[in-house]
Amino acid sequence: MNGWILAATVGLGGGGAAALWGVTTGSPGRRVIAQNLTTSAVCPALLLLSQGYGRPAYVDLALLMALLGPVGTLVFARLLADDLADERPSAWGLTWAAAGLAAAVVIALCVAGGPGRAMVKLLVIGALLIGGNVIASRALAGGFREVRGG
Amino acid sequence: MSDAVITVSLLLVAGCATAAVVQRDPARQALVLSVLGAVLAVLFTVLQAPDAGLSQLAVGSALTPLLIMLCVRKVRRRGRTKDGAR
Amino acid sequence: MNTAMHVLPYLVAVYVFLTGCYGLATSRNLIHAVGCLAVCQSATYVLLLAVGYRDGATAPVFSDIEPGSRPVVDPVVQALTLTDIVVGATVTALLLALVLQIAKRHGTVDPDELRELRG
Amino acid sequence: MTRRTAPRAVLLALAELLAWWAALALLWLVLITSVDTLERIVGASCAAVGALLARAGRRAVTWR
Amino acid sequence: MNRLRLWLLAVGGAGLAALLVAACLDLPAFGGRWHPYGDRAVQASLDRHIANTIASVNFDQRAYDTLGEISILFAAVLGCVVLLREARDEHRAPPEPAEVARPVRRYALLVLPVALVTGLYVIAHGQLSPGGGFQGGVVAATALHLLYLGADYGALERVRPLGVYEASDSLAVCAYLVLGLAGVLAGTAFLANTLLPYGTFNTLSSGGTVPLLNAAVGMEVASAVVVLLAHFLDQAVEIEEEHGS
């Protein structure tokens, strides 16, 4: 059995279920954080699946997820700014944990994949994912304070 | 074992769809639709359809939430000015 | 491949479609109804791609593998799903534009209130 | 010569555009799998478009 | 009245569910080997040196259907433009500049060109790796709106001349049509992929007219999404009711 796909399944099951539970219950701040962490749960799973299926072409999916996931969170952070104004949701512990998970997955794949153009692409995706995750958390924690939702 | 990942993805999609329908507030529904988009992209990858997965990621992660949230903001702002103006 | 797996994807597609229809029928906010319609559409993507799947096969994209070296899934349903997703997004945008017009003209987005507002 | 077309400002603008173009061309080379002449030409033009947009975006934001 | 409606929905839903489940049980097993159309589509795609069979199905074997797709797209955008125009009793207030946290703005200005180049990469390699005109167009359009997310709507309006995007939207659809008519002029069928040589497999110039159709659809989807979001942003951010009207 392919270990990569097993790891992706476990990551998906755990991360996906936690994100779904987080986004359906709790305060608006907690829901937006759950939406932000969905990107950090799904993108490493896509990378693992790409390695597990032996298809380097699937890495483009993870690249697009790493690029557009944080943009989706910025949309919610900006347009829900007045709802989140009083709450200033910030879960920096979760953010750094998700960033650590993403870094671990990218390093493991780089080691497995060996040096070359594919490894540079993986590092670019990892950088985009972790940078986007941190910036989205920063935006949620009060990045759009003076924006009157406009 | 690749069936396990298909089953997990299918169950996640079913859960996200139920959550999206049960959630009556449009702003919060947009959040759940964004998560549904991401999980659908994973299901398409697992069903070996990367093109459809890319399409779902491009549309579902940023475009649809932005459209819905702008619509919610316009309707909510109209409600506020209407009460204010009356 | 146990027998439950033979029919599970189709049943999930049917379940998601019926859930979307239920949400659409009982919605009290037109923006919420447009979201439920998007859920119904995603059910059609799941059904289309489940029909095209082949056990142990990979995607029919030969940029990184030799053609014919591995069994491939059905590309025709994937082409349908691909364009369906993008057109679905623009149709959702058109419906939201209609909802904005209704909110502007009738001052409400609740379908039940609309029915009582005789012109 | 107005402030914007003073040689120094033009030089700065060109330097910025060139820097963005080089970075984006490098990104293009990382993204593609096989490299041949047509890929380089398409990559160079896409990087140029990206560099122009990057500079226009930066000036649009700080210009306010 | 509401109870009757719910009751009707329950009965109708149950009947539909029963029929659908019965149909599902009758479908061939999930993961079966019998895909007659798929095998022929893959063969036709390989004959024309197109590595991504889905792009071959979309832009070569069923190019006429994709013409229908982009006309639906064009009509939907046209509908939105007509619906969301500024009414008589509304005025357009200039968008007030918004203060955004410095790291978020720097991230937006950094990812803006990266996302645009990634979108163009996805369009250009449509007939090789996963991707194509549809996905790449949406990514490029979303990249442009990072300016609104990272700064304010005024900044986006300065960078995005709307007339240009409306013109490029219709220009792209016309380009798709002209490429199709070129087939007729050359003596073969409309949108037939017999004009250009098929080139070497798995290179950017392979696949005859598929890359050109791909680029046309990419341009069309990108400008359609920009025009769409422009009118929604105008409604949500700029256009206000006349008070006391």
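First chain written, first letter: the chains are A, B, C, D and E, and each begins at residue 1.
Throughout what follows, a residue touches a chain if its C-beta (ideal position, glycine included) is under 8 Å from a C-beta of that chain, and two chains touch if they have at least 3 such contacts.
If you want to know which protein each chain is, UniProt gives these names: A = MrpF/PhaF family protein; E = Sodium:proton antiporter.
Everything quoted here is computed from the prediction, not taken from an experiment.
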Handout entry: Topological distance between chain B and chain D, in contact steps
Key = 2
Exercise for the section: Look at all chain centres (mean of CA atoms) and spot the one farthest from the centre of chain A (MrpF/PhaF family protein). Expected result: D
Practice task
Could you compare the number of C-beta pairs in contact for C-E with that for A-D and name the larger?
Solution key: C-E
Completion exercise
chain D to chain E (Sodium:proton antiporter), mean C-alpha position gap in Å, rounds to 26
Problem - Length of the line joining the C-alpha centres of chain A (MrpF/PhaF family protein) and chain B, rounded to whole Å - result: 16
Fill in the blank from the handout: Cα centroid separation, chain C vs chain D, in Å, comes to 39
Fill in the blank from the handout: Note: chain D residues in touch with at least two other chains are 27, 31, 33
Completion exercise
In chain B, the residues touching two or more other chains are 2, 22-23, 30, 48, 50-51, 53-55, 57-59, 62-63, 66-67, 70-74, 78, 82
Fill in the blank from the handout: Flagged in chain E (Sodium:proton antiporter) as touching 2+ other chains are 52, 54, 114, 118, 122, 125, 129-132, 134-135, 138-139, 142, 150, 152, 202, 225, 228, 232, 235
Completion exercise
Full set of chain pairs in contact is A-B, A-C, A-D, A-E, B-C, B-E, C-E, D-E
Handout entry: Residues of chain E (Sodium:proton antiporter) defined as touching chain A (MrpF/PhaF family protein) within the complex
Key = 95-96, 98-101, 103-104, 107-108, 111, 114-115, 118, 122, 129-131, 135, 139, 142, 146, 149-150, 152-153, 237
Problem - Contact footprint of chain A (MrpF/PhaF family protein) on chain D as seen in their complex - result: 27, 30-31, 33
Exercise for the section: Using the touch rule from the top, collect the residues of chain E (Sodium:proton antiporter) that touch chain D in their complex. Expected result: 97, 105, 109, 112-114, 116-118, 120-121, 124-125, 129, 144, 147, 150-152, 154-156, 158-159, 202-205
Handout entry: In the complex with chain E (Sodium:proton antiporter), residue positions of chain C that touch it
Key = 1, 5-11, 14, 17-18, 21-22, 25-26, 50-55, 59-64, 67, 71-76, 78-79, 82-83, 85-87, 89-91, 93-94, 96-98, 100-101, 104
Practice task
Would you pull the chain C residues touching chain B in the complex into a rising list?
Solution key: 1, 5, 8-9, 12, 15-16, 19-20, 22-23, 27-29, 31-32, 34-36, 38-39, 42-43, 45-46, 49-50, 52-53, 56-59, 61, 72-73, 78-79, 81-82, 85-86, 88-89, 92-93, 96, 99-100, 103-104, 107, 109
